[in-house]
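Let me give you the structure first, and then I'll get to my questions.
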């Protein structure tokens, strides 16, 4: 499976540009824009988690909304029923997501191609069906009244969207830093090599199953963080979040951005989310326009927007 | 009572079979994950609806809806699918997602958002006494259609020369080309046939399940499960897969309603873990 | 393409052109990322009504019916209330809570709407509830029926003029038991509203001496084939089956029940939406004999109802459904409330006060707002589907006056 | 390094591909396995490397039974294989590929803290391997864009990068021009100083150049074993090869 070229320099440059744009629009933007930026940041974290396993180990998951749900529901339950502070609940959900990721990953990482896609789709739908009918999780009406972390003692009021938006951007930066570190690490390079040629890695004595399980668990943990931040942003969670089309849209974001380039996933998430929002304000047949957009990208833009940026980088040099 | 449930399960299996067999052949031949197969099922039902409203005859709709859907399938093949034939699964997922979005909106724009329904032809609208239990004769008709398609496909694929060519192209396209089998032509017709079958499923089921926006998504996941469970590319796999899922779903709903939803997905996940390439690896 | 598509296009083409002009304006002098920061002109002489309804996805037809009827109500007063003209700003929730939240924030903070109307589904209503209450923007609910919205989660900024799930099903329980039905089998989709409605029916049916023989919940929006359930219901030997279904599921249930000959063995009864005027054209004579309860039936012969049906038919070419009536009444409540404040709606608390003290005579009869829960008090009509001159019609069997919704746990 | 195969049998369907093959090598040497096409050379190669499981018979490596060890475990024991059909990392450059293979040698593949490409020692090591395999001036070229001969050299480079005890080469000179073949032979010659090697080849001259001892396979069974000179003269070998 082809992925975007490994180009750490461009990755960093793109990240800085996106960060500046986010900060500017956050500070000068309106009340609504700040929420919108927080939403894009959370979706970017989710996109990065999907991008990590797609480019590291060639695992395309059509059920990753399950971990978004796990993070959201675990965070809601921890804060409401067990009174754990929202900030530490996000850390706990990372552990919960990662552990479940290891358990599931161990069994499914060696499947590849359509079978991996189908198993993840099946698991995602199974989780969606369970959440939909479980009264403990509020069934179809979901759970509301989830609080945001309160750092009032430090004089930071999280309910102000500007502050919360910065908070999510901090999480994004932290995760971006960790994922780039891992991508450049021996484990990361081996995972990238597995996507390109699994048999060769086995022939030189690699632990392919272990590497892929770790990658899957890490990605599950990061997706759970996105889920936890999501529920804190909206104060509400309902089963719609775990529908397979959410995973589908996640995949679309990383394909549009360019797989494997981490900051490409952030770019993809930003572009797709803005277009979807702006279009749906103008026309309600926006799905038609976006549908043709996807087909255009598949047929004409080889590496998504990242491929475009690379050409620009070549021309500028 | 059990007999009625068996008939219900059989009818649901036949619907799944009509959908799954098209997808299986397409996947077997072209290694394409066509998530938009559900949209063709919906388009087939809607075309059938328009023909039915226009001509007041269910039989015309039953014949022309699959033909028109096959036509749409042929156009889609030459415009799009031809170019992404062995592209990596990521790109196929994105392309077919795009088609799902287009399908949803164009159906909504052309036929509106109301839920419609087609009434069964008066010949089939009564109910027959099956072991002194009334059972809608239209559902028996659906079971019949399913079996007819099953046997004709089995016969064509296994026994005839064309069938051999198709199987050859499925198993090993390169060698098939060496034997002067024009695999492109076969891909074209099989893709169109697959889409036509999806259209047929749409129109045959319309009198029971109705025609409404969103019907494609509901059936898509179950069809994909049948294809992958049965083993992509194998007709036998599609038959066994649709029967298994049809019965598990129908009986599950009645006897263990709480778990019904979850069993189907559990069955698939377990099968894949023990037989990673599906029950009938081609 | 049928008539309904043409109106669809006309309606949309207008909306698209107007918006595209605005978008170009917006992008030209603000960078793409800094959009929406400058809010749209907030002149004092317009009343902005924001809608939070589905204009794409499965429930689109409900979103359209409510919006059309509300705009009809505004047209009847020449689109202006005590000198201020009305501007309707649409927000498409796509029946997704996260999208609804996003659109609600945009309507409240950027478009600075004065009143919000919506949503259709209860999970979306619960999602936007806190945002609406904190921002003190009065919300008029034209459909979402979850009891909790005018129960524990009630607020003086939330007024429901449609119904609570309890309000529609409880009277039917008592009426059915009194009309000689001894036992019933319950069937509903497996989601919060389905369970709430069945609970309301069950408590009242059992209080009035009825007996529930069985209760089944079908997977929500995933059940197309009712075969397995119908066989089970038929076998239960109950005098009646009591159901709640909407949309495609309602059509499939009624048609499949007929094909299984359920009607010959027991009475088909349920919440009125199952045979709503929206679905009767597809159900045709399969719906004959169905007894339901609802807060509106087209055959109510009052002046207001006849005038409304005529006006709606002239404008949209099809008979109005109960959803249209709820949209129309939302419009009238807004008009009446703002007139009572003679147009000055700066003080949000006063506006909320005014809305919850409105009482009007709508197409469905007299409407007042219960001061304790802010839920509407209205008549509930028991009807039977009979064969009228142009196909099946809903004939009123009985009217239960001024039905309230208990709304436990609500302290305004 | 000691490797011994005792009575290895393998049948595919009705065809007996390996029939009671026994090989053993107790010291560092370069073993050649030759035979006409279809003699079972590749199958034997796959049985040793772990790609295929033999029906009966045992394999011992450094006196421990490795029958049930898969490719990964055997590779970690020190059996490294290079593929007949080039199997490289298409999007990685020569240097990146070699450094990746070295990460297995230094057992740092689970390390997520420091960046692989900036690792000093691995950088130097990669350069030495590149020098050994004649790829020094192609370090920053993508594997896909290398000429076929250079790809074969990279194939070798990756195989030796994980510091094997036994190097399995499957037709290393396949598809090579005479000049390239000569180059590869020199390469393998200096490798055989450091590593013990098993070469499977149908080209006799290559084997005569490199192998200390040669096994000759014909239709699944070993028919001759000896050094290069004795194999050249043996009538039996000529009969099966030249059919006289």
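Note that the chains take the letters A, B, C and D in the order they are written out, and that residue 1 is the start of every chain.
By our rule, a residue touches a chain if its C-beta (ideal position, glycine included) is under 8 Å from a C-beta of that chain, and two chains touch if they have at least 3 such contacts.
This is a predicted model, so every value here is computed, not measured.
**Student:** Please report the minimal path length, in steps, between subunit B and subunit C on the chain touch graph.
**Tutor:** Shortest path length, in steps: 1.
**Student:** Can you check which chain pair, A-D or A-B, has more C-beta pairs in contact?
**Tutor:** Counting C-beta pairs in contact for A-D and A-B gives the edge to A-B.
**Student:** Sort the other chains by how far their Cα centres are from that of subunit D and give me the top one.
**Tutor:** C
**Student:** Of all the chains, which has the CA centre nearest the overall CA centre?
**Tutor:** A
**Student:** Taking each chain's centre as the mean position of its Cα atoms, how many Å separate subunit A from subunit D?
**Tutor:** 43
**Student:** Determine the centre-to-centre distance between subunit A and subunit B, using the mean Cα coordinates as centres, and give it in whole Å.
**Tutor:** 33
**Student:** Could you put a whole-Å number on the gap between the CA centroids of subunit A and subunit C?
**Tutor:** Inter-chain centre distance comes to 36 Å.
**Student:** Rounded to the nearest whole Å, what is the centre-to-centre distance of subunit C and subunit D, using the mean of the C-alpha atoms as each centre?
**Tutor:** Comparing mean C-alpha positions, subunit D is 74 Å from subunit C.
**Student:** Going through subunit B residue by residue, note those that touch at least 2 other chains and give them in order.
**Tutor:** Residues 105, 108-109, 261 of subunit B each touch two or more of the other chains.
**Student:** What positions in subunit A touch 2 or more of the other chains?
**Tutor:** 2, 129, 132-133, 285-287
**Student:** By residue number and range, which residues of subunit C touch two or more other chains?
**Tutor:** Each of 56, 60, 190, 219 in subunit C touches at least two other chains.
**Student:** Could you list each pair of chains that touch, in label order?
**Tutor:** A-B, A-C, A-D, B-C
**Student:** So in the complex, the part of subunit C that touches subunit B is made up of which residues?
**Tutor:** Where subunit C meets subunit B, its residues are 1-2, 4-5, 8, 56-58, 60-61, 64, 190, 216-219, 221-225, 227-229, 231-232, 235, 247-248, 251-252, 255-256, 259-261, 278-279, 281-284.
**Student:** For a test of understanding, state which residues of subunit D touch subunit A in their complex under the given definition.
**Tutor:** 49, 70-72, 75-76, 80-81, 83, 87-92, 96, 99-101, 103-104, 108-117, 158-159, 161-162
**Student:** Mind pulling up the subunit B residues that touch subunit A in the complex?
**Tutor:** Subunit B reaches subunit A through residues 27, 33, 80, 83-84, 87-91, 93-95, 97-106, 108-109, 217, 221, 224-225, 228, 232, 258, 261-262, 265-266, 268-269, 272-273, 276-278.
**Student:** What residues of subunit B sit close enough to touch subunit C in their complex?
**Tutor:** 1, 4-5, 7-9, 11-12, 105, 108-117, 119-120, 125, 127, 134-136, 138-139, 207-210, 212-215, 218, 250-251, 253-254, 257, 260-261
**Student:** Going by the contact rule at the top, pick out the subunit C residues touching subunit A in the complex.
**Tutor:** Residues of subunit C touching subunit A: 12, 15-16, 19-20, 23, 32-39, 55-56, 60, 92, 94-99, 101-102, 105-106, 109-110, 122-123, 126-127, 129-130, 146, 148, 190-193, 195, 219-220.
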